[in-house]
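Labels run A, B and C following the written order; every chain starts at residue 1.
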Amino acid sequence: MSTPLSAPAPTWREWLLSPTPESRTQARLGRAYLGWRAFARNPLAVVGLVIVFLLILVAIFADLLAPFSPVAGGDLRTQRLLPPSWTNLFGTDDQARDILSRLLHGSRITLFVVALVSIIATPIGLLVGTVAGYLGGWVDAVLMRLTDIFLAFPRLILALAFVAALGPGIENAVIAIAITSWPPYARIARAETLTIRNSDFIAAVRLQGASTARIIWKHVVPLCLSSVIVRVTLDMAGIILTAAGLGFLGLGAQPPTPEWGAMVATGRNYLIDYWWVATVPGLAICIVSLGFNLLGDGLRDVLDPKAAR
Amino acid sequence: MLSVDRLQVIYGTGRLRTTAVAEASFSVPAGGAYGLVGESGSGKSTVLRAICGLAPVSGGTIHVDGQPVPTPRTKAFYRTVQMVFQDPYGSLHPRHAVDQILSEPLAIHGETRGAEARILATLKEVGLGPSFRFRYPHQLSGGQRQRIAIARALILRPKVLLLDEPTSALDASVQAEILNLLEELRSSLNLTYVLVSHDLAVVAHLCDRLLVMRHGAVVEETTAAALRSGEVQSDYTRTLIAASQGYTRAAPPIG
Amino acid sequence: MSDRPLLEVEDLHVRFHLRTGTVHAVRGLSFTLGRERLGIVGESGSGKSQTGRAILGLTPPPGEVTAKRLAFDGTDLLSASRRQLRTLRGERMTMVMQDPKYSLNPVMTIGAQIIEAYRAHAKASRAEAKDRALAMLEAVKMRDPARVFALYPHEVSGGMGQRAMIAMMLVTEPDLLIADEPTSALDVTVAIEVLRILDELVSERGMGLILISHDLKLVSSFCDRVLVMYAGRVVEALEARELRDAKHPYTQGLLDCLPTLVGDRHPLPTLQRDAAWAE
């Protein structure tokens, strides 16, 4: 059917970068590919992505990767506080539990907290910010004062209050963190909305008879998304530290759950002679926070046109 | 088709009260083209915005197709009256591909059957092929973006097109193409135009009659023929005509 | 006055080395300028603005400027030290840009900016500098120079802002003024006023002027000579009064495609771009 002189089928790259895409999917994938290339140019950003990716992998495959049980200890007489060795790569803690296994299972909790907080706080922040920014007037005033109220709560204190009222546990910690996380997202979304509210393309879609809800959802939110995503990613490091802090205070996950912050807390008592008990989970917290920070920085360089060089 | 009677647009209250349009009246027959000419701050764009509901009407009446315009404007109104904006770089959503920009008005009005065919047909009407369908605005030139903006305005088959300085931001050669396109569309689709511009030549080219405005007030109503022959009544219009001829150098200083 | 030309440009190239490739904005531009008015006309992307900036050494990175010769009053601009360039720029060659909203410092009063421009190049006391600034504001026909002196850029209209910009750029009595679309952001009647002021000042001081614009009609009525640029090259160079007899199809096309009050052609002739012009 094709003549011998017809052009060869395009490679994947050519297809993605084609200046005349033939379908919406092709256009979208092309843009995603270009975004990925811009992102990948920044080696630190890739490091951050790798760390986060590893965290996710470890959380998913913790059962397979962990050599021992994270909660059941060995012999309390002979296997407590063993230093790192080939059997226990990171040693054992004061309950004779393998620290490596606890670390791997603890990643699930870390990921759980980060994911849940993001999923709860981001939509709230986006909704409040875009509605306040777009509608203006008294709606804006009321919503922003509401935001200010929540912004005024110090995260850890609010978590303490929650836990005091509802009892300790990781779910309450997540709620507490989420409630104090959304105000900055609302502010960012509102700022972006204010810049685009009076632009011609919004006026044009108003002139087509679009409802306010449609305008906000389909036209305003996509433009706010980049800034908010960047902020959320950068916040994740802080969220992990807060959850660890709560765990450290005994207010997050309860024993014997292998939450990293709680592990640091118990290891505190043995820091001098048995440094690995506190240091290893502490390092894990550091590395994962760093990973999210680097990822957030990389995303900002790609998504935020104002920061572009 | 469109008649504006003693339109007033006033912004703000008390000390900050500004009268953007003092009292503008004109009417355009179906299939006609009417121009609004003036410098910045004359209120010409505000008149357009008041017609389509983007600016508040503080006094006077507007009638489209014999009916007074509803406040707030209804979907039926938007099916009859559409607008093309000045800045091709700001009037298209940066994250939406052309296909989405053109299908949005159809989706809003529930006319999704046969949408693809209509999109392709409208693209053809504005002189763009189907290869433009999935491009994003940043991949288009200024002239192409303005064509998309025109296509977006036309896809609902309106009767009246409000044009707010549609070619001011374009290069001269592209301006000529867009002006030709607008002229052709007006006759083939029997549209009624209201064109706002600071450029007398552009208005004289596309429109039959025009209104000259200054600082929100109407200076005079005249015709394109009068502009060409210079038989206008107001001195201000005469200054505008003279200015449009270009700069004349003063005689070189003596000595 | 020597008969050395004020500005010598030979084979000017401006390249931008971007990640996606190299953009060749100006490709081999050559001209000389005496104490006369030269107009550079082109559409967007023709390289006209980049030419002006390259002459003043204001090409933004990642731009690269190369030329066989780029000299101002005999001084080679390409090999000049930063210090030499700083003395030349602002004192002997200056630039007026398009929109005073963006080219004037928004947090300094107009008077302060003019004084700053003056004292950067001349040893003068504050009082002397203030007198000079007020004199310049009068020269650009500001109705109340003392009042405008104390105003901020956002408090004046576009035309006044542009006149303030001209005052600032001419206070050091430069030999060369490059005006990059000085009237494009102004209403037509205001633009004519501003041009008249520019006309008088340039004639009085015997300066060289390069007027960069997309408006062929304007440039041809204001300047002595015109260079028409397309895709980084000069496609035609002619005397302004001979514009009607332009030979290159691009120039003719550009002249033809404008709607005018004089003729009435339907449809308007459009420019048929020939790929050969970009060679």
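By our rule, a contact is a pair of C-beta atoms (placed from the backbone, for glycine too) under 8 Å apart; a residue touches a chain by one contact, two chains touch by 3 or more.
What you see is a predicted model; the values in this text were computed from it and never measured.
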Report the chain whose mean Cα position is at the greatest distance from that of subunit A. C
Maximum number of contact pairs occurs between chains B-C
Separation of the C-alpha centres, subunit A versus subunit C, in whole Å, is 51
CA centroid of subunit A to CA centroid of subunit B, Å: 47
Measuring centre to centre with CA averages, how many angstrom lie between subunit B and subunit C? 32
Do you know which subunit A residues sit against two or more other chains? none
Once bound in the complex, which stretches of subunit C touch subunit B? 43-44, 158, 187-192, 195-196, 199-200, 203-204, 214, 216-218, 220-222, 253-254, 257-262, 264, 266-271, 273
Could you list, by residue number, the parts of subunit B that touch subunit C in their complex? 39-40, 142, 171-173, 175-177, 179-180, 183-184, 198, 200-202, 204-205, 227-228, 239-241, 243-250, 252-253
Can you tell me which positions in subunit A touch subunit B when the two form their complex? 19-24, 26-27, 31, 199-201, 203-210, 214, 218-219, 222-223
Okay, in this complex, where on subunit B does subunit A touch? 52-54, 73-75, 78-79, 82-83, 85-87, 90-95, 97, 99-100, 104-105, 108-109, 131-136, 139, 149, 152, 156
